[in-house]
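Take a look at these structures.
Next, two complexes with chain A in common: one pairs it with chain B, the other with chain C.
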Partner chain A sequence: MSKPKVAFYWCASCGGCEEAVVDLAEEILQVVEAVEIAFWPVALDFKREDVERLADGELVATFINGAIRTSEQAEMAHLLRAKSQILIAFGSCSHTGGVPGLANLYDREEILRYVYEEAPSVINPQRVRPEERIEVDEGMLTLPSFWGAVQTLDQTVEVDYYLPGCPPPVGLIRSALQALLSGNLPPKGSVLAPDVALCAECPRKPTKPERLALKELKRPHQVLIDPETCLLAQGLLCLGPATRSGCGAACITGNMPCTGCLGPTSRVLDGGAKALSAVASILDATGEAEIERILEGIPDPVGLFYRYSLPASLLYRRVGNGERAREGRSS
Partner chain B sequence: MRAHEIYPNGGPRIGVYVCHCGFNIAGKVNVREVVEFAKTLPFVVVAREYKFMCSDPGQEMIREDVREHRLDRVVVAACSPSLHEATFRRALEQAGQNPFFFQMVNIREHVSWVTEDPREATEKAKALVAAAVRRVIFHEPLQRRRVPVKDRVLVVGGGIAGIHAALTLADAGKHVYLVEREPTIGGHMAMFDKTFPTLDCAACILTPKMSQVAAHPNITLWTYSEVIQVEGFVGNFRVRVRRKPRYVIEELCVGCLQCIDACVYKDARFPDEFNLGLGKRKPIYIPFPQATPRVVLIDPETCIWFKTGKCKQTCLEACERAAIDFKQQERIEEIEVGAIILATGFKTFDARRIPEYGYGKYPNVYTALEVERLVNASGPTGGEVRLRDGRIPKRVGIIHCVGSRDERFNRYCSRVCCMYSLKLAHLIKERTGAEVYNFYIDMRTPGKGYEEFYDRLLQEGVHFIRGRVAEVTDWAITPDEEGKLIIRVEDTLVGAVRRIPVDMVVLAVGLEPQPDADEVRRMFNISCSKEGFFLERHPKLAPVSTFTDGIFLAGACQGPKDIPDSVAQAGAAAAEALALIDKGFVELEPNTAYIVEALCSGCKTCIGLCPYNAISFDEARMIAVINEALCKGCGTCVAACPSGAARQHLFEDAQIFQEIEGVLAYV
Partner chain C sequence: MSERPVAGDKGFEPRIVAFFCNWCTYTAADLAGTARMAYAPNVRIIRLMCSGRLDPQFVLAAFRHGADGVLIGGCHPGDCHYQEGNYKALRRYLLLKRLLREMGIEEERLRLVWISASEGDRVQKVANEFTETIRRLGPLRLAPRPGMIRLPAAAQPEPQPAAREGVLP
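Presenting the complex of A and B:
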């Protein structure tokens, strides 16, 4: 009997998710033993044709990391979807948009202008920009089109499961693979992580006071962080209360606040808004001036509350320059 | 989740009832069209209209349908739920259905009364009905909870309102704790000589009530005491009261006052608070002869023993009952009560805030309250109106609306100043024969016998000048102004600026909330109006209730009022409290919040937010726990819970989202 086939692919991402797979260390050998890797361009030499040759549904499972920003990424997502029985959005970018999703604060033109003209490291007096099609002597050259906004994987194709995290914690990857191999899978659409917030497994939980009344918000570089005490109690904005557990409080163990990469629990419609309202409720301010003063501790609210989730949020993207949300995918 | 997912076989059976409310709704909304539309909505078995759905035949129509059509969900589109939600829930209950399988749509206040165009109004009503139908599918059966109530009442404040409320309840056989901050009860009324418009002697009508309070077997009177903590909820409040040390054992002191005579200070030399500093007292004193309880107290700020530790303690020797105790400590009492009446009163406007009237600068400018003490027979001058230099004034000016009806301070009318100014004008004229001038903006005398009293003053020859006084000055221009205070005013009836020289100026200061009203309101969990007075639940129909069940208001803490109104309100508050505790139990609405234990991460975000202290942290399980008996269903924790583990009956996410989608789907 042939081994079940699986595939790994990356879209708009940093490569960290691929590292996370490798972080399985020697356990990856068990995985390789149990499955046949049919497509993993970042690690092994595969071509698109290798996927196209597969029959529909021939792949038992495909793990796609990265958000969807270009037409090529969307094409690959559709192709892999068709070939896979189970499609898993792997990591924050494909789950909720991730850090690349913060590009939705800018429109397509602003991004291209900055990257090809205004960035300090760019010298481009002719203002040359990449074109989707260009005629050269050898013939027509094409590039994928750069969409007007970043999308999550499930805004592009149907997704069966989500493995959250930036990158997904090894423990969650391991149990997801076990579930997959044993066929013991939760209902379709599930996020393969505990549905309780991070405080539940935080080692500092006993040090959190019952009533927080913060007069000032601090950022990690501004203070010496006590390694034992609840970070919120120290005035540092830790998103643990609004974020799924499953990472073993990795950042907090490293003395840094949770930034929310595992996303909200299943009951929360918009994680950033929820986190924002929870933070608002622990501030001790009387009067607008004091609120303003405290909020100076949050210089980049979208970057804080929607660091991994802007495309998946109710906000989705900034609306401006006559472009409407979910329009302007290609020029 | 969609309805068909939870109801694969058949699904709920919904009845929709659209009310005409006479012409209130039917005059704008096409009720027939709404009914026909409702019939097309999923799971709607029957849809009907009626002239007055809240009437008996209307309710009977619903009850009959519930029985006949086996309805298990009902939507009524009519007026505001605050008016008739209870009515229709009861109808469901009577028909044998759980009363919470019900949703009300407000197509009167939200639609027919506010939407101009009949077409738009009809469409809006349809959208709201569609939303309610989708929502009610997701309703769950809920049970009201009955909680027994404590049979005792706390009255905070021992002015005339608090006294009257306490006596009313005590006479009805209920035990009352009356807590007063000052060393004696009596409040502002005890400072007055006469009361308007009948010129009843204030002491003659008040002091009997004060001694009744002290003697009443059902009243525990704690003066010189303050409420410091309130926990719990309607029927079951736990209150902590701080009893400040008087350095005199209340149970032993009989008020013989020999200690005062024996004090090492031979003369009274410290400003007397009760007389607003116009008189003097010793460090050991009684606020006034009829003070209740008649117990002396020692002021540690002025007593030599407390200041230096060296005193012959002649007071101690003089006391035959060994009632003086220099080592007395404050005591904290804990009580449990079913209802609370707040009667914390008011403070008068600080006249120094209007420097142009010269209070604090010119010695002969007085506040009305000071003059109340001067005209009082038991006051510092024995009832003689004398200036600070002992002269008897020949000309007196009373300036109305000081701090009231003034954009700079308080926009409201303090209601009592016109009348007390007339009373003081009468008394001053009676005692001194002086010419008395009233400077008023408008005379406000709406009350039984009040306008008649004004007429009487006009006939007595008191002068009335209409206009807001610009300033009080001692800068004389003419020789007959020398040595006098000159009131500069535009007489708006004459149309000229006038200068009226007088010997004495009386400032009719307005009524303001107590300076600590905001802290008190927080402690008792009630609201304030924007002026800072405690807010009643409804200005017309619930004038002594607050938004916190079981807490009632009496007297000027709710807004400026005179003695008759304060007493009437105190009686009403006592009746409300009595109705509550006499029933023996309270029914609590089931719209409470709850925490899904398996989903709670124990982040504690909710705990500090609960305005009712209903949430605690279970250290053993490391999760938050809501005491449903304390929960009022405000939803704060539900909104704040960062992981969606806190939820609320009747406000489940599914219900709310279905409602929103229902509106949007139709629009």
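Presenting the complex of A and C:
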């Protein structure tokens, strides 16, 4: 009997998710023993035709990381969806939009203008920009189209499971693979991670005071961080209370606050709003001026609360980008 | 939503969602009603037990589902039935305003007011004022969000967010 076929693909991502697969270390050999990798362009020489040749549903599982920003990424997502029995959104970008999703604070024109004209490292007096189609002597050259906004994988195709994280923690990948190989899968649509907040598994939990009351918000580069005390108690904005556990509190163990990459638990509609709510409620001030003073410690609320999830959020993208582009960047 | 009239158009009627606390502002709205003080019918009131119950998700969901403005009403500082719920609401409101600003949404679309149970006339005044503010700003034009293609096995297919957008039942 032939081994079950799996595929890995990347869209708008950094490559860290591929690295996370490699982080399985020698266990990856057991994976390779149990399955046949039918497509993994980052690591092995495959072409799109290799996927097209497969029958529908021939792939037992496909792992797609990265957000969807170009027509090519969407095409590949549709193609792989058709060929796969199970499609898994792998990592924050395909799950909730990830860091590339913060591009939804800008519109397409602003991004192209900055990248091809205004960036300090660019010299482009003719203002050349990539065209989707261009006629050259050798014939017509084409490029995928660059969409107006970033979207998540499940806003593009139907997704069966989510492996959250930036990148997904090795432990979660391992248990997902075990569940997949044993056929012991949770209900469709599940996020393959514990459904409790990170504080539940945080080693600093015993030092979290009964009632948090912050008079000042500090950023990690401004203070010497005590390696044992609850980071919130030290005035550092740790998003642990509003983030799913499953990473073993890796950042916190590294003495850095949680930035929320695993996304919220299943009861939450908009993770950023929930994190915002949690942070606002622990500030120790009742007067408007005093509250505003403390809030100066959050210079970029979207970047803090939606670092990994702007495309999946209720607001999805900035309003009136076009107008701001005409006025020039204000703030 | 794209077919909605623009600011200043005769046809534009602002859609406003108001979250009023049970003990003060909602009671004041009730008083305004029994005293037959007419105010803008654009304001749809949702009663919460306390302004401190106002989850910022409620505000964003209201905007996503077609509200042009959101009004929050609570007890005056020091008067909260639950001691400090209104202070929590104030902190969330101020932080939420910063978030809205960064997302390109006019801050005036979100307003917090303290109205005690006896101030029915103030409900009337604030509802009218706020409706005019939103009328001047025009409809909130949120970019449509791609429909979530997510159907948990057990659940019946829900209306997709994209189809729901801008349509209040």
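By definition in this document, the second predicted complex is superposed on the first by the 320 of 331 C-alpha atoms of A that agree within 3 Å, B and C clash if a C-alpha of one lies under 4 Å from a C-alpha of the other, contacts with A are read in each partner's own complex, and residues count from 1 in each chain.
The definition used in the following text is that a residue touches a chain if its C-beta (ideal position, glycine included) is under 8 Å from a C-beta of that chain, and two chains touch if they have at least 3 such contacts.
Everything numeric here is computed off the predicted structure, so don't read it as measured data.
Visitor: Answer with first, second, both or neither: which of chain B and chain C does A:E117 touch in the superposed model?
Guide: A:E117 contacts neither chain B nor chain C.
Visitor: Kindly classify A:S281 by the partners it touches after superposition: chain B alone (first), chain C alone (second), both, or neither?
Guide: It touches chain B and chain C both.
Visitor: Could you look at A:A213 and tell me whether it touches chain B, chain C, both or neither (first, second, both, neither)?
Guide: Only chain B; A:A213 stays clear of chain C.
Visitor: Just chain B (first), just chain C (second), both, or neither: which does A:E75 touch?
Guide: After superposing on A, A:E75 lies clear of both chain B and chain C.
Visitor: Once the two complexes are aligned on chain A, which partner has more residues of chain A within touching range, chain B or chain C?
Guide: Tallying touched residues of chain A, the top partner is C.
Visitor: Could you tell me if A:D154 is touching chain B, chain C, both of them or neither one (first, second, both, neither)?
Guide: second
Visitor: Please indicate which partner A:D50 is in contact with in the superposed arrangement: first for chain B, second for chain C, both, or neither.
Guide: neither
Visitor: Could you tell me if A:E58 is touching chain B, chain C, both of them or neither one (first, second, both, neither)?
Guide: Neither partner.
Visitor: Which parts of chain A are in contact with chain B and also with chain C?
Guide: In chain A, positions 268-269, 274, 277, 281 sit in both the chain B and chain C interfaces.
Visitor: What residues of chain A sit close enough to touch chain B in their complex?
Guide: Answer in residue numbers: 195-200, 205, 208-213, 240-242, 245, 264-269, 274-275, 277-278, 281-282.
Visitor: Can you list the chain B residues touching chain A in their complex?
Guide: Interface residues on the chain B side: 598-605, 607-609, 617, 622, 636, 639-645, 653.
Visitor: Of all residues in chain C, which touch chain A in the complex?
Guide: Going by the criterion above, the answer is residues 55-57, 59-61, 63-64, 77, 84, 87-88, 90-92, 94-96, 98-99, 102-105, 140-154.
Visitor: Write out the stretch or stretches of chain A touching chain C in their complex.
Guide: 105, 149, 151, 154-159, 187-189, 268-270, 272-274, 276-277, 279-281, 283, 285-286, 288, 291-292, 295, 298, 300-302, 305, 313-321, 324
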